[in-house]
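Chain IDs A, B, C, D and E follow the sequence of writing; residue 1 opens each chain.
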Amino acid sequence: MTILAASNIGISFGGVKAIDGVSFAVDAGQILSIIGPNGAGKTTLFNVVSGLYETDQGRVELVGEDVTGLAPDMLAARGLSRTFQNLQIFQRMTAAENVMVGRHLRETCNLFADLFRLPSVTRQNRATREAALALLDGVGLRGSADQLAGSLPYGACKRLEIARALAAEPRVLLLDEPAAGCNAVETEEIDQLVRRVAAKGIAVVLVEHDMKLVMKISDRILVLEGGRPLTEGTPREVRDNPAVLEAYLGKHRAGEAARA
Amino acid sequence: MAEFFQFLMSGLTVGAVYALVALGFTLVYNASDVINFAQGEFVMLGGMVTVFVAAAGVPLPLAALIAVVAAVAVGLLLYWLAIEPARGASAVTLIIITIGASILLRGAAQILFDKQFHKLPSFSGDAPVNLFGAAVQPQSFWVLGGTAVIVLLLYAFLERTLLGKAVLATAANRLAARLVGINTATVMALAFGGSAAIGAIAGILITPITLTSYDVGTLLALKGFAAAMLGGMGNPLGAVAGGLLLGLLEAFGAGYISSTYKDAFAFIVILVVLFAMPRGLFGRRVVERV
Amino acid sequence: QQTIKIGSILSITGPASFLGEPEDKTLRMYVDKINSAGGVGGKKIELVIYDDGGDANKARTFATRLIEDDKVVAMVGGSTTGTTMAMIPVFEEAQVPLISLGGAIEIIEPVRKYVFKTPHTDKMACEKIFENLKQRNLTKIAMISGTEGFSTSMRAQCTKVAPNYGIQIITEETYGPRDSDMTAQLTKIKNTAGIQAVVNAGFGQGPAIVTRNYAQLGMTATPLYQSHGVASKSFIELAGPAAEGVRLPAAALLVGDKLPDSDPQKKVVVDYKKTYEDTTKQPVSTFGGHAYDGLFILVEAMKRANSTDPKKLRDEIEKTKGFVGTGGVVNMSPTDHLGLDLSAFRTLEIKGGDWSLLAPGT
Amino acid sequence: MPAWFGHRSVTLIVLAAIVVVLPLLFPSSYYFRVASLVWVSAFAAIGLNILMGQAGQVSLGHAGFFGIGAYAVAIGPAHLGLPSWGALLIGAVISAASAWLVGRPVLRLKGHYLAIATLGLGVLVALVITTESRWTGGPDGMAVAKLSLFGWRASGSSTWYWISGSVLVVGTWIALNLGETPTGRAFRALHDSEIAARVAGIDVARFKLQAFVIAAVYASLAGSMLAMMNGFINPDQAGFLHSIELVTMVVLGGLGSVVGSIVGAAVLITLPQVLTVFQEYEHVLLGLIIIVSMIFMRDGIVPTASKWLARRVRA
Amino acid sequence: MLEVSNLHSAYGRIEVLKGVSLEVRTGEVVALIGSNGAGKTTLLRALSGVQPITGGEIRFFGTRIDRLSPHRRVERGVTQSPEGRQVFGPLSVEDNLRLGAYMRRDGEIESDRERVFAMFPVLREKRHLVAGGLSGGQQQMLAIGRALMGKPKLLLLDEPSLGLSPILVDQILAAIVALKASGITVLLVEQNATAALEIADRGYVLETGRIASTGAASVLLSDPKVKAAYLGAD
């Protein structure tokens, strides 16, 4: 089943088209990777799809519903979660609290119940914290649960964002360079994590420059260049595409990708 | 028509006063993102020191110079004794420190000087100049001219000199500024000294019109702050535009609507402008990528 | 040796400091004098002064402090109407006399048992000005006033009493307490047809700027009246040559040396002026004089009562008769807790950079 | 039971104990008066701290709501024949409603722009109060009727001490409650990153508005209490300087710390009383104390102190 | 050229560097690897003087620099491309680069800028745009370019390949080799440990604030322990 479909997306900044005519679709349990040179428009595409930028053109559908132009929180409520290339963690909250915020949509939030701390609130809090700890465990951060997120090293923050995004129990998860700042071994862990997520039936859209990772786990790959789609296909097709080689992979990397 | 021009000139005069104060905010803001609530006290110092030094028999131009030097000294002391030791603290904390400094400076001024109002003679006499039927104090031209000179200098400094860029860089990212070799402490000291000088010059120029006393700073700072925000914080041209606009709003509000509600009128316009342009008239658009 | 505690809450700093400061100096000066002359009834006076900074809420707290902690027998103070009004409930409840230095008539009207005041009321100022206008056959006026308490209250009183003098207030303008240019308001007045005189209710630097803008706009052909709120030499200094010809109602204090020797107030005001200026090296204002009057009304009452019991003090203060102060000759009564009449005010005109006493009928 | 629960109730119990025990040390009812002022200001500061410390939105016009509450209990009984407690509630409703109305557009602004917009709103309220003297008594203020409930009239410093003290305890309880709830977390999240908060499904505009309204109601109630306690009110209480004072209390005590707001209020209310002995040096010292405490306790008195304590305990 | 001995640094009470000693010789490329939170960034910051140290010494060309303020160290030729890019968001790309040369007074600033543009042509294209609007990778290029504008003797690179496309990673690595050839010494922190060690002369492995092992790059590359912990199964 197609969870997220974007068609003919375009947006410009100060008259310059940052993306133009990009379409993609991703099914439940599928991993779609979007790759392309720096500045190709990958993050911008995420920003449009997740409602942070208003589109000039195109249409976004989430589980069959037209959600173009909907605010991010409305999209989140319909099952879309994401992480950020430039970290957006809640610095002054602990790691566990960061993830608890991620569960916002799974909680009942009633101002009066909260102000007077009705027993239901306390009960719910306990459940939310349990869930958050379990998620932190999943990304290997259980030990840092009560540390302030602002003091975590870069790699840990990236994983914290994934845990927070998963906390909302999304139907589609957009990951913007989750493996950036991770060494090969840590990247391997991300690899496992993303596979597990997809295995649960969540649609995953992955932006990543680590070709080993991308080639290994993607079902399909969309290549952007200069804001336009360059090609789309299976990892093998993409890897062998000379245009991709030239614009993005480079010779040396092509070999590396091939090994994956 | 003469009435219109009178309101116009009144607005420009008052507006230039606000603009001068607003300009003082710009430098410190550009170096640190901090609104220096003691800025009004620099304006007060400029006027009061000139008055008292001149009263001691020193010729006016020299007295004015002494006042500027004194204000700069106070600005630097403020930086070294109160801001620098709190380096790394949040902007809110620094703002509260400047509020504390403003209380302190006002308290000190009332002991050191007195609580009376004082005036300075107008630089070129009091005979009003007739402009399209409006009677204008000659001092208004000094204030307008002073505003023009300061805004041009400040603009050129920030936009055209490397040191000016270093000031902006310090506010944009303190860590990166230190990594490229900017001595952020010196830059901040410069900003505080510079805005103290601007404040003092403002005080000297406006005192012949507004009169001065130990506590003129508070309201001037408030209006100057409003002007700076209306124009768009951090942009010297915006500060001047905001100041003049605020002055005009008050004058035309008082003239054509109601003098009692002229402040209300001015603030309502500010609110409306900000709703339409959340960064003021000429504020820099900040782009923050995620 | 016991002392008599007298309290005083003044606006020594803040926007009304031009009231509080001379009041503070006057009280300290004269209490020292009284004490070095042996005190009252053999007891020294202990003065407890608090600065409310013009903040009514603070004044209210200090009032409680004076009553509860310092246990004063009476209070001279409340520099402004605003602070006084906030303190009145405290003193009424504690039954301790309060002699206010605030201007507005609402302090003593309706009469409150323990509340007195020394400064002429704003109503009297209006009446004095209108009296003079009437003599000059000027009946159509414009009012311009500040928006703080003093000016607002005076403006209201003027509006109220104007019909009694056949005066018509054609147009009204206001300015904020820290405004630096009033040409817009004055231009409107200038362009209103038929204005024969302009009255400015205001204090602080505002009236000086009004006066200067008035000259700047070339309006001096129309007489300008200021209020008693500008009754200190610094007004003339700040307004400069523009002040020439401005008239105002004020206490005799400003023109002490120009009073005829027969004037009952002459000795008092000349003495006070000399003492104040010698000690403080600053020009005298009528505001310090109000504190002088308050202090001595209290001291006299204390002597008469031969007691420091607040209730007895109150009764004696109310019986004050023929007290010659800087503000005038005070005759209080159960229905009049001020005790001054219009004769306490003189109409002054600024001439040659100084006050001059206006001859009656001009 | 999680650690924070104990922490919250301990704070409350200690506060209640202080409120109860303090009077034993008071030599005169002047101290009741000062303490009640502290409680009232602390109450307003706690509300403002929810907005500033938790949700991270500054307001430089909060005294406006304080003024609305104060003048409600002044005007209600005097001009409309309402009972004081009814006027108090109406004041709170008006404050909440106006916060809700202006909050939507205003809270879209950020940082200093939000500061100037709220400042402007505060100035507008103060200006209306000063000008419409037929209703408000103008700049010199107006008398406020005493609070009476079922025939019992609240007057005297000690009565008000108990009223304001109990209200403060309740206010503290509510503010402490908020911290660890979905609403409280939403506030803190949007403070740190609006974008991430929105992507996590938080309706940022709605939560900002909630914080603004809560803070407005706190301020309004505090204003009503002060007015009834003083029996008198004037426009200064709605003015810019009072707004600044409230903000200073919050920051001095510690942004985000409920106890901090109480301590901040206590410091700023009692300092001027203590400093009177220094006479003309009062302001210099006040300024100096603010500067020095912010330098050495940059996160505010309470957070810094508790960090320091934690270190001592562990060492 | 750079000798670090027994360096200690802490955030509050948490000690992050627990006695780090290392050495970088003139003309070398030295790689520093370690897992998340090992303290690599902290070490580089300490070298630049923006992170206070609690003990130990830093010598640069034999003289101690650990008490010098950051700008003095830049003056002596230590520049850094920091973690997280840290570009001056509101300033233009060109201004960012110009500020990179803030301490320089020589006449080659223009030509150095051209060199940076040649290395990263996008930057030339976007020279008048504000840096805050650049894509992540473009900002990374800018950060590296800015560090190069300081005309360093010792260049500290904190994860320079982070967020760069494969082609650019190759280019960066090649550029580092070229820099080395032009006499610039490089201390390189990289998560892409294999690639880093391939171009480095020597390497250090940092583990929770301590140097765990060191040696010639080729030796580390084939060290099974290092392989298991950082290089991953290949």
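Note that in this section contacts are C-beta pairs under 8 Å (C-beta built on N, C-alpha and C of every residue); 3 or more make two chains touch, one makes a residue touch a chain.
For each chain, UniProt lists the protein as follows: B = ABC transporter permease; D = Branched-chain amino acid ABC transporter permease; E = ABC transporter ATP-binding protein.
For clarity, every value in this text was computed on a predicted model and none was experimentally measured.
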By label order, what chains touch subunit B and subunit E together?
A
Identify the chains adjacent to both subunit A and subunit E in the sense defined at the top.
B
To reach subunit B from subunit A by way of touching chains, what is the minimum number of steps?
1
Return the chain whose centre of C-alpha atoms lies at maximal distance from the corresponding centre of subunit D.
E
Centroid of subunit D to centroid of subunit E, CA atoms only: how many Å?
49
Whole-Å gap separating subunit B and subunit D, where each centre is the average of the chain's CA atoms
31
Compute the distance, rounded to whole Å, between the mean C-alpha positions of subunit C and subunit D.
36
What is the distance in Å between the mean C-alpha positions of subunit A and subunit C?
73
Got the subunit B residues that touch at least 2 other chains?
110, 260, 263, 289-290
Tell me, which residues of subunit D touch at least two other chains?
131, 195, 280, 282-283
Quick check: what residues of subunit E touch more than one other chain, meaning two or more?
133-136
Give every touching pair of chains, nothing left out.
A-B, A-D, A-E, B-C, B-D, B-E, C-D
Residue positions on subunit D within touch of subunit C in the complex are 27-30, 33-34, 37, 130-131, 133, 138-141, 143, 157, 226, 230-232, 234, 236-237, 272-273, 276, 279-280, 282-283
Residue positions on subunit E within touch of subunit B in the complex are 48-50, 69-71, 74-75, 79-80, 82, 86-91, 95, 98-100, 102-103, 130, 132-136, 139, 146-147, 150
Which residues of subunit C touch subunit D in the complex?
12-13, 50-51, 55-58, 60-61, 64-65, 67-69, 80-82, 85-86, 88-89, 104, 106, 147-149, 152-153, 156
For the complex, give me every residue of subunit C touching subunit B.
13-15, 17-18, 21, 147, 173-176, 178-181, 183-185, 187-188, 191, 204-205, 208-209, 212, 215-218, 234, 237-238, 240-242, 282
Looking at the complex, which residues from subunit D come into contact with subunit B?
52, 58, 105-106, 108-110, 112-113, 115-117, 119-121, 123-124, 127-128, 131, 195, 240-241, 244, 247-248, 251-252, 255, 280-291, 294-295, 298-299
